[in-house]
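Right after this note come the structures.
The following pair of complexes shares a single chain, chain A, combined with chain B in the former and chain C in the latter.
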Partner chain A sequence: MVSLEFRRDRIVFRYGDQKYEWVIEPRYWRNPVIGALVLMVLPFLVYQYPNILTMITTANIYAAIAIMLSLQTIGTARLNFGPQFYVGIGGYTAALLNLYFGLNSALTLIVTILVSLLFAFLISPIVLIARGLYFALITLILPLIFLEITFVYGDIFRGESGLSGIAPLLNLGSVSWNYLAYYFLSLAMMLIYLLVVDKTMRSRYGLAMAAINDNEDVARTVGVNVNKYKILSYVIPSVGMGVAGWFIAHTFRTFAGITYLSLDFMVKILLMIIIGGRASIYGSIVGGYFVAFLEEGLRTLGPINYVVFPLTLILCVYMLPEGLWGLYHKRHYRDYYPKLRVRRR
Partner chain B sequence: MKALLKLTNVTKRFGGLVAVDNVSFCIEEGEVVGLIGPNGAGKTTLLNVISGVYHPDSGTVEFNGKDITRMPPEEICRLGIARTYQIPQPFPDMTALNNVAVAVLYGKKRRNMSLADAELEASYFLEFVGLFSKRNTLARDLTLYELRMLELARALATSPRLLLIDEAMAGLNPAESLRAIKMIKTAQEHFGLTILWIEHVMKIIMNSAERIIVLHYGRKIAEGPPKMIAEDKKVIEAYLGERYA
Partner chain C sequence: MLELLQSIIVYSFVFGSIYLLVSLGFSLICGILRIFHLGYGLSFVMAIYLTWMFMTELKLGVTLSIILMILVQFAVGMLIHWGIFQRYLEEEEKLLTLSLLAYLVFAHFANYRYPITAGVHLPTTIMYGALSIGVTTISYQMFIAAITAIFVTLVFVFIFLKTKLGLIMRAVSQNLRGSMLMGVNVGLTYWYAIILSTIPPIICTLTIAPFWSVDPFMGESMLSIAILIAILGGLGNLKGSIVASYAIGFIHSVVSFVYTSRFMGLVALIVTLIMLLVKPEGLCGAEKLW
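On to the complex of A and B.
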């Protein structure tokens, strides 16, 4: 019934009719698994330095947002210039409900999902009516309007100083344990997003999204219900970003419009998916970590880092048109043989 | 015999330009109908109207007794009308196999088909048009002939009853176009297709089509078997000018 067999080049595991093979030869190693293991071991090496732990927690959250943005970019064939809008919606929903109505984090999660679902559905028709520059403009303006609202109704939203004192997700007693726990929670969120998006991209829905990404009109004439897929691939990643906002609010226990709704944050996320490798989902993780490390590393330079940081990113985009992931992918393109190829723009 | 496709008084305007003007015709099951006309006669527009890319300003299009005038293209495709393009329009960044798999999955009701099953079925169509060895090549790396065959495979994969072919021979050399004609004829026999075929090369269309419809400035000026069309005064006038008529 159950058997485990060690061969020269592989481990074969049999269970009933099922057969699982694990190829030991290094070039067939499942790189996502190795990557996940590295990320799981990483915090134990640096657990004495809370600022590094916070940094990699932030990197995970960045990566989670960037993964969702990649899915959205591929599925709608349009680049959303306001991904921070849903982060803001999620964060503010969680923060306001927690502070003013005393809802706990589980309840705010449910409400956050519902609210971002509502907003995403209300706004989703833009993927049908606008493309190219117009889509970019509409999506760019949305978070700026929201930011403006947080300033105008400052007594509720506190757009400048930020809402603080939000209930933490969990409390393990000691501060360093909390840091570790938050890191693993953020990692779990990121990996779940990665798994879901990866499975989607390799399924029949991913094929439809790739077809839409390549040529919407032709996709229509071979029978793909383009409108349905575009709306779904706008709404679902938006909800994912909202949940990332909820996570930010409950993890850092403070949420300010000026931090998460401003153009700085947008530029960071967009550069993440570009530096990662033109909306490739694994690349967005690399991009997320790269940006978070760079941000933290340049902080030691003092005020000049506000100039150096974007300049470095621009230089990266210029020097690496295929992104950091492209460096790897170029040498290992056979890894993805006969898988889906998606145009990344 | 029942009419498979029936157009009645179809008119399509682009601003002041009347691209298709009051065109009516029927296509019966199993026929190969040629659609010819000088440049800018509105042939491709008519094809776009039938496949749902454009909606006509007036008139109706019926397919198999069902009104498809205002239907979106994806539903028309699922009813059984497939098309190819004058300039091949593959999904350039997908492999040939995946190009066809999209059509297999979405060109008909296939609710629970997995991607792997779709690729298996797609490989049948690729093999049929002779592209199986190119299944893992990106579509943008294929040659023009291969692209045309890929489009044919993609159209066949939606299991159509009516196939609209838009100048399958444009840009092919004589040997390739002979192969392409053979392929289209084989496909017609194999899948029991009805074909509406736009073509510029007179020789091909005269040999292949059973009936020919001639468009000129959006109007239908003649319809009938190839021999009759070749001797039709209006057609000669449209193609060669009044002097030769």
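On to the complex of A and C.
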């Protein structure tokens, strides 16, 4: 009937004619599980230092954006050079609605999703029309236009100084509990994104995306509806980034165009997926944490850190041709995971 | 009404010429190497801050500092080509990010060493005073900058149309493989293109430094002007760049005279976006140099 059996390398649980196994030998451990556990324990070790907690919260948000950008890159087979556009849309929608109309965070989430969806659908035809450099160009220009708008209509958007006083996502009464809660919320968002993207990549849809990424014409020949997949894989990650922007606005309670729409932020996001390893999904988490830690760690150097930060990143790109994930992948080369192939035409 | 029209014409001429000089090097790289040099702003920032550095720290004269700065610029251009463009020509995302990072390193360094309060300025004013054309008054230096811009452009056009190097560059920009078959040393042409493309920003910065607002992050605005002009005229098309520069200059002056100068950047961006969606190959057709 019911039996529990401990073997050398696994635990076997039998119920009727059903059999469940859990492999405990370390080399078969599922690394994502360990990673998630480490990230769950981490805040309890550093809970006395609010700036470290803020840093790892930021790292989670960065990683969430990078995961979505990776999915978008693989699905559309093009690199979006303006991922911050949707972060900006999400953040500004949440901030403006909250400040001027007094909507609470649940309502702003719904509106943020709708607005990001609308913009993503309106802009999505460019994945079909724009070839080569033009895709990079259009996506590069969109956030610049948005940034310019936040400057021009400064009395509404406050692009330079930032909107502040946005309602917090939750309030537990004590400041240190709030920090912890925000960390876990950001972690939850990141893990949900990771789970969704991971499942997608391993499913039929992921296979079709990988086929499009490898060779669009061949994919079309074998019957993949290329246009549908490209549109979908442009729109859904964009909404994900918009939600990340909503999260930023409600967590840090301030949102400025100059911080989140500028080229500096774009470079940071792109570096996460480059240092993480050419748009590999787990790599983008490592990349997100790496960039956030580096940014915060270098701040101890004083004003020179603005020079050292890009220098370090340049060195990283040179030293790690396949990214940090590539170091792992070298030893586990049999795991197939689609990765970015950028084409020039 | 007539006075307004006159101001608009004069200022579109002056700013169009300056924008032409700003975008010339960018279009050149775009046309020949077929890449976006997002670190293009580096040349502008370096032109000012290196000259200032040589003048104040090494106590050199203005002319000597400028010569030294030009040499360093060539060296840095070659370094960027060797380290970034050559290595990552096929990996677009690394190329763009690395070139932008190279710019950020120098811009932040300049900001660290000489923050905006340090009062960096270049004594490159050639002629003081102001010129009156009808009701419009502009300083001589602006006028000289515009004339210089036209002269430099003419020299470049001459190089492209009348010399063998120009012929080779046009060939490379039109058909890379075909020019290789004809025995063009493409690698060497790229080096020449890099060297040539650093010259217009240097001349531009030196002539406009007395009246332009100089700060360590001026490269970004210059880069965005260059990108807009490159898109509007057709990627890397020199003829298109000339037309587009005056178009952007016209848009800027019309918007700032008729409406308010706050909107001039936005209007130019939106015009370019519409251009990209309606006629992506630009005014004069992309993928060729002339």
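FYI, the second predicted complex is superposed on the first by the 322 of 345 C-alpha atoms of A that agree within 3 Å, B and C clash if a C-alpha of one lies under 4 Å from a C-alpha of the other, contacts with A are read in each partner's own complex, and residues count from 1 in each chain.
Rule of thumb we're sticking to: contacts are C-beta pairs under 8 Å (C-beta built on N, C-alpha and C of every residue); 3 or more make two chains touch, one makes a residue touch a chain.
All of these numbers come straight from a predicted model, not from anything done at the bench.
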Touched partner set for A:192, first chain B, second chain C, both or neither: neither
First (chain B), second (chain C), both or neither touched by A:113: neither
Contacts of A:144 with chain B and chain C, given as first, second, both or neither: second
Touching partner for A:320 - first (chain B), second (chain C), both, neither: neither
Greater chain A contact set [chain C / chain B]: C
A:202 touches, of chain B and chain C: first, second, both or neither? first
Chain B versus chain C as contact partner of A:214, first or second or both or neither: first
Partner chain in contact with A:223 - chain B first, chain C second, else both or neither: first
Partner chain in contact with A:181 - chain B first, chain C second, else both or neither: neither
Shared chain A contacts, counted only where both chain B and chain C touch the same residue: 340, 342
Residue ranges of chain A in contact with chain C within the complex: 79, 81, 129-130, 133-134, 136-138, 140-142, 144-145, 148-149, 151-152, 263-264, 267, 270-271, 274, 303-304, 306-307, 310-311, 313-314, 317, 340, 342, 344
Chain A residues touching chain B - in the complex, by the definition given at the top: 202-204, 206-208, 210-211, 213-215, 217-226, 337-338, 340-343
Contacting residues of chain C [partner chain A, same complex]: 34, 36, 90-94, 96-98, 100-102, 104-105, 108-109, 111-112, 220, 224, 227, 231, 235, 262-263, 265-266, 269-270, 272-273, 276-277, 280
Residues of chain B touching chain A in the complex: 51-53, 72-74, 77-78, 82-83, 85, 89-95, 97-98, 101-103, 105-108, 113-115, 118-119, 136, 138, 154, 158
